[in-house]
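In what follows, subunit A forms one complex with subunit B and a second complex with subunit C.
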Partner chain A sequence: MNRIKAPLQKISNKFLSKNSFKKLLKINGSIAFLMCLIMFAFLAISVPKLFFNPFNIQALMFAIAPEGIVAIGMMILLISGVFDLSVGSVMAFAGLMTAMMLVAGLPIIVCIIIGLLVGVAIGFINGLLVEMAGINPLISTIGTMYIFRGATEFLMVGRSVDYNNFPEIFVNFGRKGFLGVYWMFWILIILVVVFTIFIVTRPTGKRLYFIGGNENLAKLMGIKKRKIRIGAYMISGLLAALAGILMTAKNDAANRYIGNVTHMNVIIACVIGGGSLNGGQGSIPGALFGIIFLSFLQNAFNLFDFESSMQRIILGFVLMAVVSVDGFMTLRRQKELGRI
Partner chain B sequence: MEQKSISTLNNKKKFNWTSLTIIILTLAVFGFLWATSDTFFTFANIHSLVYDTSFIFFGVIGFTYLMIMGEIDLSVGSMFAFSGMWLGMLCDWGLPFAPALIIAIASVIGIGAINGILVVRFRVPSMMITLGMMTALAGLSNLLSTNLYGYYYPDAYRAIVRPTISIGGEEVFVLIIIMIVIIAVLEFMLHKTTIFRKMYYVGENLDTAKIYGIKAAKIKFITFIISALTAGIGGILVGSRVAYAAPTIGIGYEFQMLTAAVLGGASLFGGKGSILRASIAIFFLQLIRNGMVIHNIDPLLSQIIVGIILIIAVYLDTRVNKATTV
Partner chain C sequence: MDKSNDNFLIIDNISKNYGVVQALKNVSFTVKKGEVYTLLGENGAGKSTLVKIIKGEETPTKGDITLDGETIKNYSPMVSKAMGIAMVHQELAIFENMTVAENIFPACDYLTKTGAVDKKRLRKEAQDRIDMFGMDLIPSQKMDTLTVAQQQMTEILRAISAGSKCVLLDEPTSGLNKDETENLMKIIDRLRAEGITIIYISHRIAEVMHISDRITVLRDGEYVCTFVNDEKLKEIDLISRMVGRELTKSLYSRKAYTDTISDEVFFEVKNMNKKNAVYDIDFQLRKGEVLGFFGLEGSGTDSVSRMIFGLEAMESGEVFFKGEKIDKVTTTTMVDKKIMYINNNRKTAGLLLNSSTLNNMSMPVLKEYSRGAVINNKRLTEHTEKYVDAFSVVIPSVYQKPRNLSGGNQQKVLLSICLGKEPELLITNEPTRGIDVGAKAEIHKFLLEAVEKGVGLIVFSSELPELMSLCDRILVMKNKHIVGEISKEEISEEFIMTIAAGGI
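Take a look at the complex of A and B:
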């Protein structure tokens, strides 16, 4: 883990203090990792029987996998200084497209590819709107969020066709696993590893940080900002579509409510995991730890039989606290550097 | 560039045609609906349209002011749900209506102050802080609505939006009159008082505004309180109309308000925006929904249309502004 994080640390934090605990905290995503550990220890000690119950582990994997996959794409966008609110709508729309093709009787692999291509296309549209048309990412992705959520509802509500009863292989893809771990969780692990290695070792990965850190400087250095950001949006769309297809397979039905709150959860998880809306910070493992923390939190509330609304209240305050602490640290660092 | 500086020296503003976009759009849709439908231009229909507009209008006031200053408050939608239900809860606990109302308003102001202090003190993007507040308030109002299940608000609460006044033989809700008066007063104050001009200066260029001695942090803090307060008032009015704690109140309001503020000329970079045009934009969104019902178009398509309008409006806005500033 340290070998992967070391270059990130170099990029994002050049000014480390002498205190080693503070050093540890400044490694990107370590706060989320610590929070995960605390939640895990808390759950493992207080309710070991319920927590290590196979059904609970299963539920946790199903909760973590799709949002984790989406979070990878979101983190890449956040590093480069933009974000995407349309991921939830992409999940629903791509899932529905795959379901429609399956009901029409096309081969499974073709259906999945079509679903993924839909995601890539929506990501491309987002990228064009943000980079070519120059529309603020908040507005343009809210626009596409509206459009594709509306399109999903338009295609599903009040139609006589039910998009369910898919071929068994497709359903097993969402429900079965390998070595006791679900396919979707394997996919998540592979994607996290691949994208982490990509970002740490490839020049394009470093360019993402440069673009997020200082757009104009990156341009002067000759980095093709537009190309990279549009690519990042396309990856985000692709991953969201993949998550949507996996959810559709698991449910054995297209569902228009898929991803209703995903964009919020994922952004919150990424910010907890060290990302920043200002860009230039964050790491893929951080995003994963953020999602795992959220899932543990949800799990804790379920196991202790709390009302689910309590969970959102605490989540909101956790987000505000994390963001404020981050802001406070940045402010102090800038004061030390004499920028303020 | 030279011409521009000369024109500012002469203090003569060139008339900005883009500011009329939303008004022309609204008039066009209005005319279209009037021409193609018999049921549209009836007193009852127009009256209910304006009445619907008047609720979200309250939230839009604070929201637009924050956008003028280059900040954003995503918690307004949840605030709509929370404030109404919180007042209902206080009534359910047996408090008389007047103190309950005071406590509810005070809590709303407190929430706005928390948003404001965090954004101003720690210089965090307001979107993140208010996203957190939005989640927390949504959870709170969820909790309230499950606790208030089956409870109808007391008469004093339900009476707030009831009063009507007869104008020309027709009964008109007082709320509509209040809305029009507020719009007129705010628009007048915007042009005639320095307090509101300061907001634009802060939004346009924070550093310059500070050099000129404008207390930007204080103004921002107060505006966050105003934003929470106006949304809270709107929420209490909606609660008074719906009369019970419906869990669907306020869902998606923040995006509607954002759409309305942007259609009304506000920019996410601050320095622009107008209450009058934002209110017209809300009316415009209601018109579209109304028109789709009248013409038997699937109302599910309205989301798609609003999304497309939003993107086109902002695209045109960016193009026009780039042309004038670069």
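Take a look at the complex of A and C:
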């Protein structure tokens, strides 16, 4: 008996250690949260006037909101062990669909619903390709990424119709707010709260972690893996479409470049925020903090007037550092447990 | 009591084929309600296949399963789950990213009024199970902070928490130490007291005799006999039934070469250790000798074979080849020194199944057949054809992909790849697993021809007849240590199995 007890006590002591900083670091997404705090403090102290300028705050909100909304869907997919590269194309395509309906004179609410349904449908296609046809998500979602980016370009380039000058209510939806916070940012906050509650408390939310942790075992335990993953792709598509519609409203025009790099930014943010391409880990707040950190970093480059091309280099290093630290910590724990 | 209701499970004439290999041949037996029923046999006797069939994870080629008086059609893991059958797999089946409590109750069946997962209740229920069986686990602990033994305990708890009527335990003790094993025995006793039927798989005889009500011996996929475990049952009865097979005539038997073995040490391993894998491994291979390694599942033979070739890192130990110390044991240095390794799994780690046989053959000899950066395809084709002929691989052309070949022919291609490098030492891990008798004999013949040409040979195998026909000397491993050495003259199946499976 003693031989079972000894290692456990050692580990459990560590697990319950009073070192609250170490404990904090073990909570998923805390690294991204700390990085946000550091960036915030840095910007607030070094360039307070520029940083707290109302225009800068507005720009930050416009940067965070759409990508944050997309990141929620991406994090859900990552937790269940897959991902979606087509989100940027969905943004552009769903935005264009809504814009076309608006120009055709349909009621605003109908136009928005059509746009959202287009996103859900693309998510459903992605889900079918991955779960039913068994195509690797990298390949299948690159496929849909190209198809719908291409379709957007085909419908927009060289056409005589301009998809802009939408009804005022629709444009205000993207440009106006409440209590000094844009509608799109309110939407982000509500979605983060709703999906956090869903993931943390609902059985289906838990099942995402089971599937991501051990796909085959989850199947043996009677969890409906295919249904849940297809559902996750549909949510991702829905949220990407919503982000695309919001940006279309804000721009008062359909734009074929919307979401050009969103898929990469969002995956990077999710990984910094505690997600993993191996699946089974991550949290919605983590995804949000990842996006906020990315936006702060971008903001810092703007405010300091740095060469913007440097931004990607720095971001690449940050990503590698976060992933390496995580890998190193896992390796050390495995060694302590005598597994490797 | 009505006799027919007394039976929980009836296995009726079950057979299972994997391609040409017959894993189970007309196996029939009956398990009573509430007993601990053990399936005993060597590696490859068909135990694991059988429990997978009982759980519904594999479909039998023919035969019927009757559960609780009902003959089951369209059997699947879901059906068996609904019938109250749970299984603890030989390989760990856990969610490493989740907590202990979540692993015990993956169905999330405790909900609050609002439909949320009731975490408090989940932890309390988990704590109750943990206390019931006196285990040292914390419900809120993450699985990846646990030791392997603790993870396995969690898996066992999950199996018995699902309201199961029957628990299948497939080699649950292979990763456990003595104390942990004793603890598991107590748990099984408790389950029996609660009327749960246990189907237990093991090859550790002492353990089996300690815990079982009845013991069925399987050998080479066939039912041998069933013993009632009472005072009269002796260890040797079981051992003789586990191994008692006739040496098949078709196996190519090695003549005594003892006089040609010199005293010169060809390959030597000194004091090799790795925590939780192997301890104090010391052995010598003399020139002209064939050395065998035998051990049952979990004994550590697989790790030894991998570590001496550098596929797994050792923590301490030295390796000498032809009197010279090898500083860094990595696969690259070993291949450079003309030491080759034949893997035990040609499908996942032995062959490029989707590349041509020519490409497969060229893997280790690319350098020899190229000038600068240019590959001489003509000479490479000749080289391949030479070996394909020499090993009588049945193949339409060297461009054929190994995927379309039979297991025996794949294994011959694998052997050709290794011998194509003209190795001086060949380490083979299960060189003939899963191939038919004819191909087996051929491969044995090729291996021994290589030995006659002066190639050193170390054979790791779980098949006793194979070792007995090939080797001059067999080292037996148990519990990650070398526990016995048997020379050609004293080799007998009973003797080896007594060392490998007897005692604790």
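Note that in this section the second predicted complex is superposed on the first by the 320 of 340 C-alpha atoms of A that agree within 3 Å, B and C clash if a C-alpha of one lies under 4 Å from a C-alpha of the other, contacts with A are read in each partner's own complex, and residues count from 1 in each chain.
Just so we're on the same page, contacts are C-beta pairs under 8 Å (C-beta built on N, C-alpha and C of every residue); 3 or more make two chains touch, one makes a residue touch a chain.
This structure is a prediction, so every number in the text was calculated from the model and none was measured.
K.L.:
Looking at A:328 after the superposition, I want to know if it touches subunit B, subunit C, both of them or none. Which is it: first, second, both, neither?
P.N.:
Touch partner of A:328: subunit B, not subunit C.
K.L.:
If you tally the residues of subunit A touched by each partner, is the higher count for subunit B or for subunit C?
P.N.:
Looking at subunit B versus subunit C, the one contacting more residues of subunit A is B.
K.L.:
Check whether A:203 is in contact with subunit B, with subunit C, with both or with neither, and answer first, second, both or neither.
P.N.:
second
K.L.:
Pick one for A:150: touches subunit B only (first), subunit C only (second), both, or neither.
P.N.:
Only subunit B is touched by A:150; subunit C is not.
K.L.:
Would you check which partner chain A:316 touches, where first means subunit B only, second means subunit C only, and both and neither mean what they say?
P.N.:
Only subunit B; A:316 stays clear of subunit C.
K.L.:
So, does A:212 touch the first partner subunit B, the second partner subunit C, both, or neither?
P.N.:
The second partner, subunit C, only.
K.L.:
Residue by residue on subunit A, keep only those touching subunit B in one complex and subunit C in the other, then list them.
P.N.:
Shared contact residues on subunit A (touching subunit B in one complex, subunit C in the other): 330.
K.L.:
Could you list, by residue number, the parts of subunit C that touch subunit A in their complex?
P.N.:
Touching subunit A from subunit C are residues 57, 77-78, 81, 93-98, 102, 106-108, 111, 115-117, 136-138, 141, 144-150, 177, 179-180, 183, 275-276.
K.L.:
Going by the contact rule at the top, pick out the subunit A residues touching subunit C in the complex.
P.N.:
1-5, 7-8, 11-12, 15, 201-203, 206-207, 209-210, 212-214, 217-218, 220-223, 280-281, 330, 333, 337-339
K.L.:
Which residues of subunit B touch subunit A in the complex?
P.N.:
Listed in rising order, the residues are 72, 118, 122-125, 127-129, 131-140, 142-143, 146, 255, 258-259, 262, 268-269, 298, 300-308, 310-311, 314-315, 318, 322.
K.L.:
Within their complex, state which residues of subunit A touch subunit B.
P.N.:
Residues in contact with subunit B: 129, 133-136, 138-140, 142-147, 149-151, 153-154, 157, 264, 267-268, 271, 277-278, 307-320, 323-324, 326-328, 330-331.
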